[in-house]
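Each of the next two complexes has chain A plus one other chain: chain B in the first, chain C in the second.
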Partner chain A sequence: MKKRAVWCALAVLPLTAAALAGCGGGSSGGGGDGVISVGIGEPKSLFVTSVGETEGHQVIMALYTPLVRYNDNLETELAAAESVTPSEGNKVWTIKLKDGYTFHNGEKVTSDSYINAWNYGAYGPNAQDLNSYYSKIDGYAAINPTDGSTPATKTLSGLQKVDDLTFKVTLSAPYSGFMTTLGYTNFMPLPSVAFNDPAAFQNSPIGNGPFKMKGNWQHDQLIQVEAWDGYTGTKPKVKGVDFKIYQDAGAQYNDVVGGNLDVVKTIPTQQIANAKKDLGDRYGQTPSGSFQGLAFPVYQKDFENVGVRRAISMAIDRDAIVQTVFANSAVSARSWVSPQFPGARDNTCGEWCNYNPTAAKALYTESGGLPNNSLKISYNADGGHKEWIDATCNQLATNLGITCTGNPVPKFADLLTSLSKKEAVGMFRQGWIPDYPTMDNYLEPLYSCDAAPQPNYSGFCDKTFDEDLAQGFAAADNNAAIPHFQAAESILAEKLPLLPMRFGRNNFGYSDKVKNVTIDLFYELDLLALETK
Partner chain B sequence: MSSDPNALPPNDERAAIAEGEAASTEKRVTAELTEVSGRPRSLASDAFRDLRKNPIAIISAVIIVILVVMAIFPTLFTHKDPTDCALGRSLKPPSSEAWFGYNFQGCDIYARTIHGARASLMVGIGSVIVVAFIAIVLGMLAGYYGGLADAIIARFTDIILGIPLLLGAIVILSGFKNNSNMWLGLLMVIAALGLLGWTSAMRIVRGSVLSARNQDYVQAARMLGATNWRIMTRHIGPNAMAPVIVVLTIALGSFIATEATLSFLGIGLKPPWISWGGDIADATARVRNALGPVLFPSSFLALTVLAFIMLGDAVREAFDPKLR
Partner chain C sequence: MFRYIIRRLLQMVLAFFGTTLLVYWLMFAASGDPLAALAGEKPMSPSVRAALTEQFHLDQPFIVQYFYYMKGLLSFDLGNNLSNRDIADLVLSAWPYTLRLAFLAFIFVVVVGIPLGVWVAMKRGGVFDTTVLLLTLVIISIPVFVIGSTLAMIGSMYGLWVTNVGGAGTLSAYLVPAIVLGSLSLATAVRLTRGSVSENLRADYVRTAKAKGLKRLRVVGVHVLRNSLIPVITFLGIELGGLMGGAIVTEKIFNIPGIGFELAKAINLEDGPTVVTIVSLLVIVYLVMNLIVDVLYAVLDPRIRYE
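For the complex of A and B:
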């Protein structure tokens, strides 16, 4: 139960490029009436405590105002919060809300709006996707019994209301980065009407954000939002946004080129080569926090030997793949934390990630190699991963003299199921988009013992690694935590449970009716900056 | 009158000529009938004679022979390893080194196309064997015994006929998508196509068995006390086979096309099999920037399917003089 939710962030890449034919909404491209259309995939949920993937997150960020936001330098800025103050030792955090915020239905946003929402999300039997995101708050264990029994209480003992606009959060252990995490979806407020019928509420969510719902969520077709007059924060420059739901990024791209859609957030890699020609200066590229790697199931005997893992890593020509397959729309990765993040260092992987086929072959032979000299790399077929997996396999085959085959699994969920059952899937691809801008968000969910078996699918578990993380969480502030997290990352370089492959970039396109289109490190389109021409 | 150069010979002379002609025709007929083995010509050898004179049949047969050789001995046509791929050669155009150029992954398209023939033919021939077995057994039972057996088999055929071949194969193969053994994968494709594709062949067997059943020679055999098994295998079988061969030849072509479709959809043959359908699927995403990787395997696929269908048509014409 505990860590169940985190993998949703992992689902991001496949979701944005699902493989079936498109079925966009009926209306034509916006612009003329100040309404902009944006292509997204079908969200899994629009109930904030269950929105763990990027498509739903994009809609939630239109409807809600988070407590804090991250600026271009990834510093945390206050949004709906007036102040967030830690106690000595970072264990108790006092959150004071800005006055004057109301929900779209007129209800005032108070401490209770937050406390009730968080309690609902954290309460185990509610089975919310973001349940594990509350795990650092005191009392989490009591309402999430591991034996499946019904908890005695329904609320987090760590949440205390001080007054209508102030509440205190007590953590189970000191955590210097807590304020940074407050920008994520699970820490949004909910109006009291939300809890009457959550299933109905999420079809037409009521939030405290710059936009409000216009009509209901038309599943697999359209979600319409319009600028809300009663908003007290920075108002958007567009009158509304039509989120058109597609199953295929390729169809979104074609619709932008054809003028039937205003923004495509991800241009499929196969179209990158002609995107400049098709869109001219309406093709944009910004840095992204996304990370792609190839993981080893370290619990499997075949991959036990670190020498074999290192040899495989050295036999992969990352630069050639980025240049040819991704047309330089991504950057080769030689470390585990995206370079944009505070504390990230270049090339922590060192010699093991430098392309060196001769040394790789020698090390492979010396380490005893793989059974039958054959390797399988599993990936989800609905995420556009085939080309780079095949290219990687070809390189491994040529450089190590092994047979290597890509093993496409139809859906991302199928791959996750196979992995959690510890089936022999061979190596497998793993992607990650962080939720908040601290480097531990790249480390803890993917490699800590606690996060196994999911989302730490490789099953890597290292005591020193976990201790380093714990020391980082207990550090006085974010900066003091960094050396501990860096020490943890260095352990990954030594043990190689997952090979870094690429850091992504956002490659997006837009119609000639819009300007100021930017997508941030978290794959979020900035709806407040967006303007019509 | 007698000086007229066009005048006909006297009557008695004409009779003599006619007699001579008749005699020589008779000799020729006898010679033809006893040609080859010295026995009277059968329908099959008659058909074969026709086929030898049909240019379409000859062209199709030559193509098929080349494909079969290609499938068994691909190295006669290319020395390149189809799995030797390098991104550095990605999408290079045709050259003297690589006749069809390189695909996106930097593999030699010519080598891959040649090696792809094996998977296609194995699926085609394998499925046809399955189909032939099911169709002949069921068709023979239904046609020979009639009555209840016929009714049951006919209803069963209707059910299978109601499942479109491609849809049924997709359903079957998606259910077994996780097997990793390449030979098992091949058998699955063959089984899926074979188990769903026998209906029209079965109906044709049934029809020709039905018409042969009441022929005099069958009645004669029955009078003489021949068992049902003997009548079916020795008398009806050989005479009912011709139309089945025709249907199976055409079906072979369509099975190859269906295999390519399934592989294109990602549920047919998987790597390490080299399949035209799979290669076409891989190349379509970038068809705007590179046509070659789609064009060459597609042309080979089209040519193969066409060759089998044309040969089937020619065989049908040869067996059925009425179509001429």
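For the complex of A and C:
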């Protein structure tokens, strides 16, 4: 302490008042007092209807209790909801809330807390990031005019209050997976104070979850939450969580090794080789739902022939890339839906994704090949994709005897601009992270006709595929929908609009002060399971 | 002197408007679609796109957007950035971190660099001189992220020093990053001082001073040093301006949420208003530093007069 005082005194002379801010109290690593520190990146927002990224989501899951949660097998279980019942045909869903839930400020959680929050998020002029997540609810189109005009009403006609703890949601089309989607951030409730000044509210959000905010969001530095005594659900085993904000995963990793941070959710690829040595059994790996593939712009004549697409797929040694470029921090993919998902199968791609250079070369020649025998693979240069794209290109060049070049564009947005203008970008990389564990969450956004041009960037459109999805949506429940979704995935295996490359893995590490550290398929650290030693 | 300063300040106003216009135009020309950059790989619904376009005047021509921005700037209302955070608040909270880092690095360069430079100049050609020259050459050749990452790794492995500087909140935590950041300037400062001092040591007035029987300390400290510092001051002044602009790499490695980091993030998000605000502030800092350096010349060397 004395040392710091001297430093501060010295600092006053040349550093002016600005430096003094840092001479207050400092915070150290968690642990001893039952508080655990977790490294995250700066969230974009903490207002639930605008939290579309994983960093903010992690904090929101501490502060809020969703209507439903997913168990270890990714099956949907009730959390804040007492029951969620669909009508015949999955169009009208009745949601009954558990009694006794209140917000951190004492306000009772009622159907209005949900209806108001969803209306706010879905109203176009509010420009919430998760706006499109309400698009399945009836009345969405009316409050989201595409011509830029101001909508006549401000509320979703599909939301109907029955009583204080019950409300009905009418969808514009049948959707069997609706109950599963209720676990995502956009379907959280908000207290009435949230709408007075949303910008101020998100600096200190009030939720219905196991933790409450301790102080304000200190931008780029720290978000502190503490276990909330008034919580009626399953209480967490830790007293609080300090979300320390880092700019760089490398710095997080260093701090876990040095004992200044308890959990690092992502260990950078270049550190994974050291992680086993540095952390021992405190280095963990779990499957992740993140998906990387190489898409064909199917509107382009060069890739019209499915034989060429299959030949390219067979000429890629996915396992070699995962081993050499990613040091096994990911697994090679041979299906379009993570095999961890309920109903999903492994290796749906079959022989077309098995590495077979001889057959690939033969098929390539037989089906006429590419113009000039040259191929371009476009990717965004800001995402660390260069190594694996180049490795893929080298394999294609060697195995098919073509010239293959990686085509970096500065950002993904630039790539999208080129795609929307239907420019010849060649093949391009595409990634996807699902939001909730239903197979259609991988299939519908990326390959259905309605999702073109975004996020179905490849422009794939197949009637049978869409019909299979629609039948799945109309099925009695999630289980009954599975065969239809499987049929849809099989169409992808046949047509290959996008080549599956790999599924991610969560590579995380933790200090010796904590145990029960698990990260799920959606990159969420389970804060309720987390314990101090 | 007074008139000179006033004239320089008036020039600064012109330079300020010129640079903001230029930077705003560069951002405008270079960025494709800020909203697409904001949305990332998630879809953005057309109604949200329309609402954001109107809020940030993205459908207006360049000069209108610039006008809106300047209007806000001159009325001290910088508005919100694309992720809805108050820009003034963002800059004000980020800058103190950068200032702490910059000043510590600067002090390190001055306190270590100049004496070292003088010392090696006096022992020119000796083993010590050669060693220092070689070492500075090595430091100049190594990229800052190599030095930074290595020190950060060693520090965390053996618990020697703090590597999460922003989270530590103490000034002492800035020591190692400041040394990393300052080491490059240090090498230049040493070499510059050495060259300048050793040249002046051979000057006639030094021989006269020695012949008068003045003490060695006085000869070097007053006669040589004062005359030798002019090029060094020029370098240091401009260097301080640069240091205050934030150090993107060092800030990232040691997790310092400073201005360099915010600038890099804003450029990445194609967040025009934030970039222009930060760059304009950097321009002002730079201009002021230049003015101070020029005024210091007159203080150091009575032969220089400004009218």
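Just so we're on the same page, the second predicted complex is superposed on the first by the 474 of 533 C-alpha atoms of A that agree within 3 Å, B and C clash if a C-alpha of one lies under 4 Å from a C-alpha of the other, contacts with A are read in each partner's own complex, and residues count from 1 in each chain.
Everything that follows uses one rule, which is that a contact is a pair of C-beta atoms (placed from the backbone, for glycine too) under 8 Å apart; a residue touches a chain by one contact, two chains touch by 3 or more.
This structure is a prediction, so every number in the text was calculated from the model and none was measured.
Peer 1: A:G106 in the overlay: touching chain B, chain C, both, or neither? Say first, second, both or neither.
Peer 2: Neither partner.
Peer 1: Touch check for A:T405: first (chain B), second (chain C), both, or neither?
Peer 2: first
Peer 1: Return first, second, both or neither, reflecting whether A:A397 touches chain B, chain C, both chains, or no partner chain.
Peer 2: First partner only, chain B.
Peer 1: Touch test for A:G258: chain B only (first), chain C only (second), both, or neither?
Peer 2: Touch partner of A:G258: chain C, not chain B.
Peer 1: Touching A:P371, do we find chain B (first), chain C (second), both, or neither?
Peer 2: After superposing on A, A:P371 lies clear of both chain B and chain C.
Peer 1: Quick one: name whichever of chain B and chain C touches more residues of chain A.
Peer 2: C
Peer 1: For A:V325, is the partner it touches chain B (first), chain C (second), both, or none of the two (neither)?
Peer 2: first
Peer 1: Enumerate the residues of chain A that count as touching chain B in its complex and touching chain C in the other.
Peer 2: none
Peer 1: Considering the complex alone, what residue numbers of chain C touch chain A?
Peer 2: On the chain C side, the touching residues are 32-33, 36-37, 39-48, 50-52, 54-55, 80, 83-85, 90, 93-97, 99-100, 103, 107, 149, 152-153, 155-157, 159, 162-164, 166-172, 251-255, 257, 261-262, 268, 270.
Peer 1: Which of the residues in chain A come into contact with chain C in the complex?
Peer 2: Per the touch definition, chain A meets chain C at residues 3-4, 7-8, 11, 14-16, 18-19, 21-27, 44-45, 52-53, 124-129, 131-132, 135, 143-146, 148, 199, 219-222, 244-248, 250-251, 254-255, 257-261, 278, 382, 411-414, 416-417, 431-432, 445, 451, 454-455.
Peer 1: Quick check on the complex: what are the chain B residues that touch chain A?
Peer 2: Chain B residues touching chain A: 83-88, 90, 104-107, 174, 177-178, 180, 266, 270-272, 282, 285-286, 288-289.
Peer 1: Could you pull out which chain A residues touch chain B in their complex?
Peer 2: The touching residues are 268, 270, 273-274, 317, 320-321, 323-325, 376, 381, 386-387, 390-391, 394-395, 397-398, 403, 405-410, 418.
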